[in-house]
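So the structure is just underneath, and the comments pick up after that.
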Amino acid sequence: MTAILSARGLTVRYPGARRPAVENVSFDLSAGSTLAVVGESGSGKSTIALAISRLLDPAVEIRADLLTFEGRDLLTMDRAGLRRLRARRIAMVFQSPFGSWNPTRTIGAQLTDGLRAAGIWPSGRDRLLTLLRRVGIHEPADRLRDYPHRFSGGMLQRAMIAGALVARPSLLIADEPTSALDTTVQAEILDILDELRDEHQLALMLISHDLGVVARVASSTLVLYGGRLVESGPTTALYRNAGHPYTRALLAAAPRLDGPRKVRLPALAPGPVVDHGCAFAPRCPQAESRCAETTPGLRPVSGLNVACHLAETPRST
Amino acid sequence: MPGSTSIRGVGSRLVRLAIGLGWILLVVWIAVSITFVLSRLVPADPARLAAGLDAGPEQVAQVRTDMGLDQPLPVQYLRYLGDLVTGDLGDSIQTRQPVLDDLAAAVPASLELILLSYLGYAAIGVLAGIAWAYWPRGPHTGLLRFTGVIGVAVPVFWVGLLLQIVFAGKLQWFPVAGNFDYGGTGVPKVTGMGLVDTILTGEPGLIGQAARTVALPVTTLVITHIAVTMTLMRSSLAEQLRRPYVRTARARGVTERRLVFVDALRNSLNPVITMLGLQLGWSLGGVVIIEVIFSWPGLGLYAYHAFGAFDYNAIMAITILSTVVFVVVNALVGTLYPVLDPRLRESR
Amino acid sequence: MTVWQVPGVAAWRLRRPRAAEWWVGATVFGIAALLLVPGWLAPHDPYALAVSERFQAPSVAHPFGTDDAGRDIFSRVVHGARYSLGTSLIVVSVAAVFGTAYGAVAAWSGGLVDRILMRVVDVFLAFPYLVFAMAIAASLGRGLGSTLIALVVLWWPSYARMVRGQVLSLLKDQHIKAARTLGASGGQILRWHVVPHTYDQVTVRYTLDLGQALVALTGLSFLGLGAQPPSPEWGLLIADAKQYALTAWWAAVLPGLVVFLVALNFMAIGDRLRRDGTGR
């Protein structure tokens, strides 16, 4: 299966920052599969999403050995080309439903903007209505005339998802699509995303800080810490056999339905900026002296890729 | 379910309209009353001034009775209010004519300055502000910021005098003072505004003359008012462009130009419109200095002379007029907000 | 209590870069000098008539030239600072203090009291200043005093409104509730915990207003409403010079330039303070 989206060594640096927000991240994403990008705030996961569709401020520096979408180089593409991609091939869904819509224009007007940009207006109107119904918005023709403040958060996200898919994109990036919603609504939205991915054979990139969300829909997962990739691989393998102490701590610390949490991550402000060595070393319960000295590279360990010195040796527990 | 066409919706809109009108009347009434109080606090004797300094005691007494100044204060107040309502603003001491007539003659001249300059600084200011927000980086930024800071601090009288000295006095490109010469050119006075009336005649020579006459005063007004509008427009628009919904629109592939003009602009107009409303409301006071410098026979110059001659009725009439204008303009501006923001439209 | 203990000053000092401090310091020094010891700075007596020297263009002896009565304009400007600058300082200071207190009390009281107080503010804001100043001057008599009153009356409402808005949002803060539970009275809380947080915004506004008040005051004097002759107040200087502006331009243009530059200085400082505050 060829990858729709490929990145090698992706590095993003904000102007004036000491360290890159994203450092040397690589991944592949294929049609019909879901890739989850997991990390806490500040880990760089949203930055990756914005970097792919080139929505970052022009002053932000993006470098990579490879960053291609459907075989085309995203780094060298011109602005008009990028805009066309955003209109037709790459779709995005954002985190805060209420902030992401212009409060003074109707939902329909804003969605129509997208269709016009993709060149499918008014031809795509029926498809839009169908999609809106598909995501659970009844009487879509009427609702298109409403303003955002008449909708609930969940409905706004559904509308955003429907709007994103009208132009038949091949990639959908969902940046924390459910974080601002109630848990019940969260599950519904995730299911919709999952089903749509299957129906339309989308490549779905799902960004989240919530492992529960990830487990539900993602086939493979990237774990980010401090802008670096610390672990990646099939989601099920990650859950059973996580190699990196951070991943293990995340898994153990996740709220569970079957009992109290086993572990709490050591409470710290976002970790100190580390210039060399493993980014997680200051917070790692198993850190050794070499962890602070040399940066661990990603190595395959039991079906996963782990960036940890200690993962190479068989663990005692 | 749209709320504006139901009976309840119409009713509440009428109520809000009534409240708005009531508010205007309240403020006007307060202004009028304060003006009355001030006029009665005066140490000098209004009857004496009205009668003239060389009038004898009986004449002064007669004038006092005519003006009702021998009545108790509450009665004077009611009479004053009554006069106002009927439009009797008294007579001007200087011109010996009804103040109302004086005002009517002076209004078009001021209106010409106000309208032309307003058009200038509102349009240019808004456009410059938009351009600045749209192209935030570049060689023009320094100049715009410089203009923004300078423009707010520059005193009106200084700019006016400077322009007058340089362009009228030294270079003689423009007349030093006065408005359009109706008498000398024989142009019929249709609106009382030189530029408009000459345009109506269609003769380029006359139009040019009127334009030159009005150029310096209007330029002064534009220069001194433009900075505020421009800076406000730019900061408001720049702020909107940072909002998440703009990023969403970009992610949909919308062009930058459409983003700015269709999405962000309407959300950024609120404070700008407020400011423009305030500026229009203040404009009556603002033209005074200009009219004094350029001897422009409008309300401002009239007020200046009235003040100089202690001409009560005139002063009070002008106070009331400008307050009313200010309040009404701002009330009208207030009606624009729901047009811009649908969230404000519905009754709760 | 040292100056560093006044709430806000210490924080201010930590944040501002050196250049801004020098600038503000120089401004304060300059104003103090002009207000307190104009005699030292002015080369001539501002009131001395010397008819033989009228209408002299700017020169080394008379940097700003002389006016129609032979008086040295530069000296007049220096001495006039007391009237123009001094009065604006008083106007803005009184307006700021009163307006801040008013706004804080309104926000703290909340409910009906707040709404009534704010309605009063709205009424005051509805008056165009120029005409109102005229009316006050017409009744109370012309002079710097009545203009001062008129300007204060017209200037304080904007502080009230600004501070009230800020205090309202500050009151939702947690540590205010903490101070309350510790038993501090309303007045104490307001004074020591809440209002100091408004100092940043108020200071910016104050600085900007100093410039604007100066321009407004000199404008009113220009029209004859403020200072009266033979006071060397700047607006009055320019008004006098207006009649012969076409021949002796320096008499009107140079004092006007001073007004402009002084106002500009204040506004630039205020603008810089505002940008430092918002970090943009």
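Per-chain numbering from 1; labels A, B and C assigned in written order.
Methods note: a contact is a pair of C-beta atoms (placed from the backbone, for glycine too) under 8 Å apart; a residue touches a chain by one contact, two chains touch by 3 or more.
All of these numbers come straight from a predicted model, not from anything done at the bench.
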{"item": "Category of the chain touch graph - line, ring, star, complete, other", "value": "line"}
{"item": "Which two chains share the largest set of C-beta contact pairs", "value": "B-C"}
{"item": "Chain centre separation (subunit A, subunit C; CA means) in Å", "value": "54"}
{"item": "Intercentroid distance (Cα basis), subunit C paired with subunit B, Å", "value": "24"}
{"item": "Distance between the centres, which are taken as Cα means, of subunit B and subunit A, whole angstrom", "value": "55"}
{"item": "Subunit C residues counted as touching two or more neighbouring chains", "value": "none"}
{"item": "Contacting residues of subunit A [partner subunit B, same complex]", "value": "53, 55, 83-88, 91-92, 94, 96, 99-105, 110, 113-114, 117-118, 147, 149, 160, 163-164"}
{"item": "In the complex, subunit C residues that touch subunit B", "value": "123, 126-132, 134-141, 211-212, 215, 218-219, 222-225, 235, 238, 242, 245-246, 249, 252-253, 256-257, 259-260, 263-264, 266-268, 271"}
{"item": "Of all residues in subunit B, those that touch subunit C in their complex", "value": "26-27, 30-31, 34-35, 38-39, 41-43, 149-150, 152-158, 161-162, 164-165, 169, 176, 281-282, 284-286, 288-289, 292-293, 303-304, 307-308, 310, 312, 315-316, 318-319, 322-323, 326-327, 330"}
{"item": "Interfacial residue positions of subunit B with respect to subunit A in the complex", "value": "243-245, 247-255, 258, 262-263, 266-267, 340-343"}
